[in-house]
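What follows is a single structure, and I will ask about it in a moment.
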Amino acid sequence: MNKARHNPLNSAAAHGALILYTLIALFPVFVILINSFKTRKAIFAEPLAPPLGDAFSLIGYQTVMKQGDFFLYFQNSFIVTVASLFFILLFGAMAAFALSEYRFRGNMLMGLYLALGIMIPIRIGTVAILELMVQTGLINTLLALILVYTAQGLPLAVFILSEFMRQVSDDLKNAGRIDGMSEYAIFFKLVLPLVRPAMATVAVFNMIPIWNDLWFPLILAPGESTKTLTLGSQVFIGQFVTDWNAVLSALSLAILPVLVLYVIFSRQLIRGITSGAVK
Amino acid sequence: MTKTRLAALLLTSSLLGGAASAEDVTLTIESWRNDDLTIWQDKIIPAFEAANPGIKVVFAPTAPAEYNAALNSKLDAGTAGDLITCRPFDASLALYDKGQLADLSGLASMANFSDVAKSAWQTDDASATFCVPMASVIHGFIYNKDAFDALGIAVPTTEAEFFAALDKIKADGTYIPMAMGTNDQWEAATMGYNNIGPNYWKGEEGRLALIKGEQKLTDEAWVAPYRQLAKWKDYLGDGFEAQTYPDSQNLFTLGRAAVYPAGSWEISGFNAQAGFKMGAFPPPVQAAGDECYISDHTDIALGMNAKSAHPDEAKVFLDWVGSAEFATLYANALPGFFSLNSTPVAMEDPLAQEFVSWRDKCKSTIRSTYQILSRGTPNLETETWNASVNAIKGTETPEDAGKRLQEGLASWYDPQK
Amino acid sequence: MAGRPRSHIVVFLAPAVIVYTAVMIWPLFNTLRLALYVGGPEGRHFAGLENFRTLFGDPRWSASFWNALGNNVWFFIIHMIVQNPIGIALAAILSHPRLRFSAFYRSAIFIPTILSFVIVGFAWKLILSPIWGIAPSMLDALGLKALFAPWLGKEDYALTTLALISVWQFVGIPMMLIYAALLSIPEEVLEAGEIDGLTGWAAFWKIKLPLILPSIGIISILTFVGNFNAFDLIYAAQGALAGPNFSTDILGTFLYRTFFGFQLQLGDPHMGSAIATAMFAIILTGVCIYLWGIQTRMRRYQF
């Protein structure tokens, strides 16, 4: 590769800018994490001090752990998030392919129809969704949540994926057709691998609101056996809560799993991005 | 109808899980009091279950900010629990009018409550009562006794003494005189305006006159509390504009502020967190010897989901909630939530005892905006939050605030037109 | 392609359309329909456009609506002029082929995006708090204590502060999208540019930027839709009343307060739906302008 695009001065400036922004990005998370290990007095006396010596306390975590089965909650959150992402990506990519690949009457309208959902806050449809789940017997099941999140994630997935699919070369697809590949094979074998970076991006974007959602678990699956982590930790976050140890610990517990998930997905994401770029 | 039955079936089957035996009935309580979860689990529910084999009770609270929206959605779709914790006045009345809360007028233990206690959970003509009253909360000021002793300040009884005390604390500089912020807005109205206001509008007299349209929010009695709030500004901590409710609580319990405009519900939390002696005093009167008035607000009650699958068992529980046994248990487990039961309850907590003793010296009233007056748009309660904050910050004069609120109220409330 | 059976189009579209229609569109429009009704003691009845007349005609309602819309526009402008340029710049630096630790930077900068609004609201309130805040003492250490103000409590600053917090949280999204787009630019194109003497910034402006314009279009429209639907951050930080004095009220908080009710104010699904319909119209207009006015005219390069 070419050396003209690489000089040490630029590289130092690049690292400087990135380090500065990384600090800005991580600082608040750091503040929450260190304070979750401190006594209440220490949190307020010196919020930036490390949790050492007298300041160290696990009282917050003890309070939180007493309150429920956090391992089960984590498992529920995990199942809901992964299953929803799977359906969003599969159904979303299929629809995006249909929209970007084929000229048919109503293509544009169908695209618009599939985008309508991101234009209205889905919360206002709560009662109708709840009635639907009651009628179909899905209330207090994880499937109810998976269906809602799949529907909620589809518009964005279709929108982003169809934009990326338009950039996939026609020659490639036509070559496949000449070789006698079916449209399904073209989609699964030729196009999907090429839009992997976009798929990874959609997965990461959708993972966050699903994992962090409080509203639909509260309405559709509030039972003890189907509680999600976010719902389980909401007990500590309310108008009359002064127990900051517990609040900070609950928040930290809610951050950690999603951080781990993100690190796993981000490996995939980067692998996807690089493999998509190299052709 | 089949829809509801299906819902109830699904709900109960999922809640029963498998732990309970086949004949056991499980009742679920919807509540916004997530702070009280352990008290219900460890004290209240075991006491009931021991006396009533065959009925299991689950306390399933929602964070307060989401409670109304989540409950209404669940009631509309038929998935709400059997027992519903009732907010006072219109929020619950609306549920009753929609047929979602059952009429409990016939419940035997309703006889244990006075008409005033029941008034927050009745139809306007008092013909039907739909929730069993549980508790009221009293407003006043909690103070740091150690700080007052160290500075040689006596408990103030008049406004002049109150501000003299605040001046003294401010001049000394060790403590922030008063812990309150305006970021969350509601404290300014609830612990500010409606705390000190009854002394000006003479409690029930003024409150009822406002409802009848005989007094206006531009009258001196309703504007003067804003004038006092405007004076509070100088005694609040730096940056009080962005100070939140938990900030204020922590400022006080960490011993950094001397006075806390309070509701009695703070007592149990403060007892657990403050490392100093505390006392309390009612809102100071304008001049020595004036009759004093306190806000003794009917705050929380328990009703029954009209579509409950187990109405008989739910009524057994509600009957127990209306008993003297429950009153004693609840008032002592949650000092600061004062029983509304006619049977006197012995209180063990000294601070709670101090608050409740004001009922004998002063005349009780409830928050002025809660009954009838917050039915329309603009909503008087919400407007009062805003006006109280503006008054404290000095961004709106007390007179302008009164005028704005009066115009808003008159725009939809006929007796005020 | 003519002559081939086209049933596969239906197969490709069906799963998404079915789930989406049943669980999202039907419930939403079933609710939006309520905008045409009013409730009352004698039950719900059809009222035509009465609710919209109230929303835009009644001085109180319309003042709230225009206040929320104005705040929302400002919220969007901050995102467009702060979030998206920062996102693009970070992506441009990150996409440098020989950059070390780029995986670390990329992951770290994206972390705020994966946090829940509750955490973001809580963390920033803690940092900016005038009482135990970290911001005042840090500014003090720099000798800039005088610059500190209780920003979230001041009508003039609160909205901008919250918008910047939101930018902090979401800058990872434009960064990732643009990063993916930059990586998919073939090496040959850049090398051809180098032969013509285009390197560094010149290469970015003249070669890369035109090629990533479709992605910039996507992030702009996503920012628009996201901002006009935003609700959670302001709700978590300032409550449903969007204080101080409604200075941070945006359409989402206004809708939530009206639809679900708040404190003593009962929820009004009819007026709430009218507001939701108005929001929907605003967002739909924006998206249509993008779809027909921009997307169809944008030059796309297939590689």
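In order of appearance the chains are A, B and C, and numbering begins at 1 in each one.
Here, contacts are C-beta pairs under 8 Å (C-beta built on N, C-alpha and C of every residue); 3 or more make two chains touch, one makes a residue touch a chain.
Model, not experiment: these values are computed from the prediction.
S.K.: Have a look at which chains touch which and call the overall pattern line, ring, star, complete or other.
M.R.: Contact pattern: complete, every chain touching every other.
S.K.: Taking mean CA positions as centres, which chain lies farthest from chain C?
M.R.: B
S.K.: What are the two chains with the most C-beta pairs touching?
M.R.: A-C
S.K.: Any idea how many Å lie between the Cα centroids of chain B and chain C?
M.R.: Comparing mean C-alpha positions, chain C is 37 Å from chain B.
S.K.: Averaging only over C-alpha atoms, locate the centres of chain A and chain B and give their separation in whole Å.
M.R.: Inter-chain centre distance comes to 39 Å.
S.K.: Could you tell me the distance, in whole angstrom, between the mean C-alpha positions of chain A and chain C?
M.R.: 16
S.K.: Multi-chain contacts in chain C: which residues touch at least two other chains?
M.R.: In chain C, residues 132, 256 touch at least two other chains, as defined above.
S.K.: Going by the contact rule already set, what residues in chain A reach two or more other chains?
M.R.: 44, 126-127, 214, 237
S.K.: Mind pulling the residue numbers of chain B that touch at least two other chains?
M.R.: Residues 65 of chain B touch two or more partner chains.
S.K.: Which residues of chain C touch chain A in the complex?
M.R.: Spelled out, the residues of chain C in touch with chain A are 1, 4, 6, 8-9, 11-13, 15-17, 19-20, 22-28, 30-32, 86, 89-90, 93-94, 96-101, 103-120, 122-124, 126-127, 132-134, 137, 168, 173, 176-177, 179-180, 183-184, 186-187, 190-191, 194, 199-200, 203, 214-215, 218, 222, 225, 229, 231, 252, 255-256, 259, 272-273, 276, 279-280, 283-284, 287-288, 291, 300-303.
S.K.: What part of chain A is in contact with chain B in the complex they form?
M.R.: 40-41, 44, 67, 126-127, 130-131, 134-135, 137, 139-140, 214-215, 218-219, 222-225, 234-235, 237-242, 244
S.K.: Show me the residue ranges of chain A that touch chain C in the complex, using the header's touch definition.
M.R.: The touching residues are 1-2, 4-6, 10-11, 14-15, 17-18, 21-22, 24-29, 31-32, 35, 43-44, 47-48, 87, 90-92, 94-95, 97-99, 102, 104, 108, 110-129, 132, 147-148, 150-152, 154-156, 158-160, 163, 166-170, 182-184, 187, 197-198, 201, 204-205, 207-208, 211-212, 214, 230, 237, 247, 251, 254-255, 258-259, 262-263, 266, 269-270, 273-274, 276-277, 279.
S.K.: Within their complex, state which residues of chain C touch chain B.
M.R.: The touching residues are 41, 60-61, 125, 128-132, 136, 149-155, 235, 238-241, 243-246, 256, 260-268.
S.K.: Can you name the residues of chain B that touch chain A in the complex?
M.R.: Interface residues on chain B, with respect to chain A: 3, 6-7, 10-11, 14-15, 17, 32-35, 37, 60-66, 70, 73-74, 76-79, 245-246, 249-250, 253-254, 265, 269, 273.
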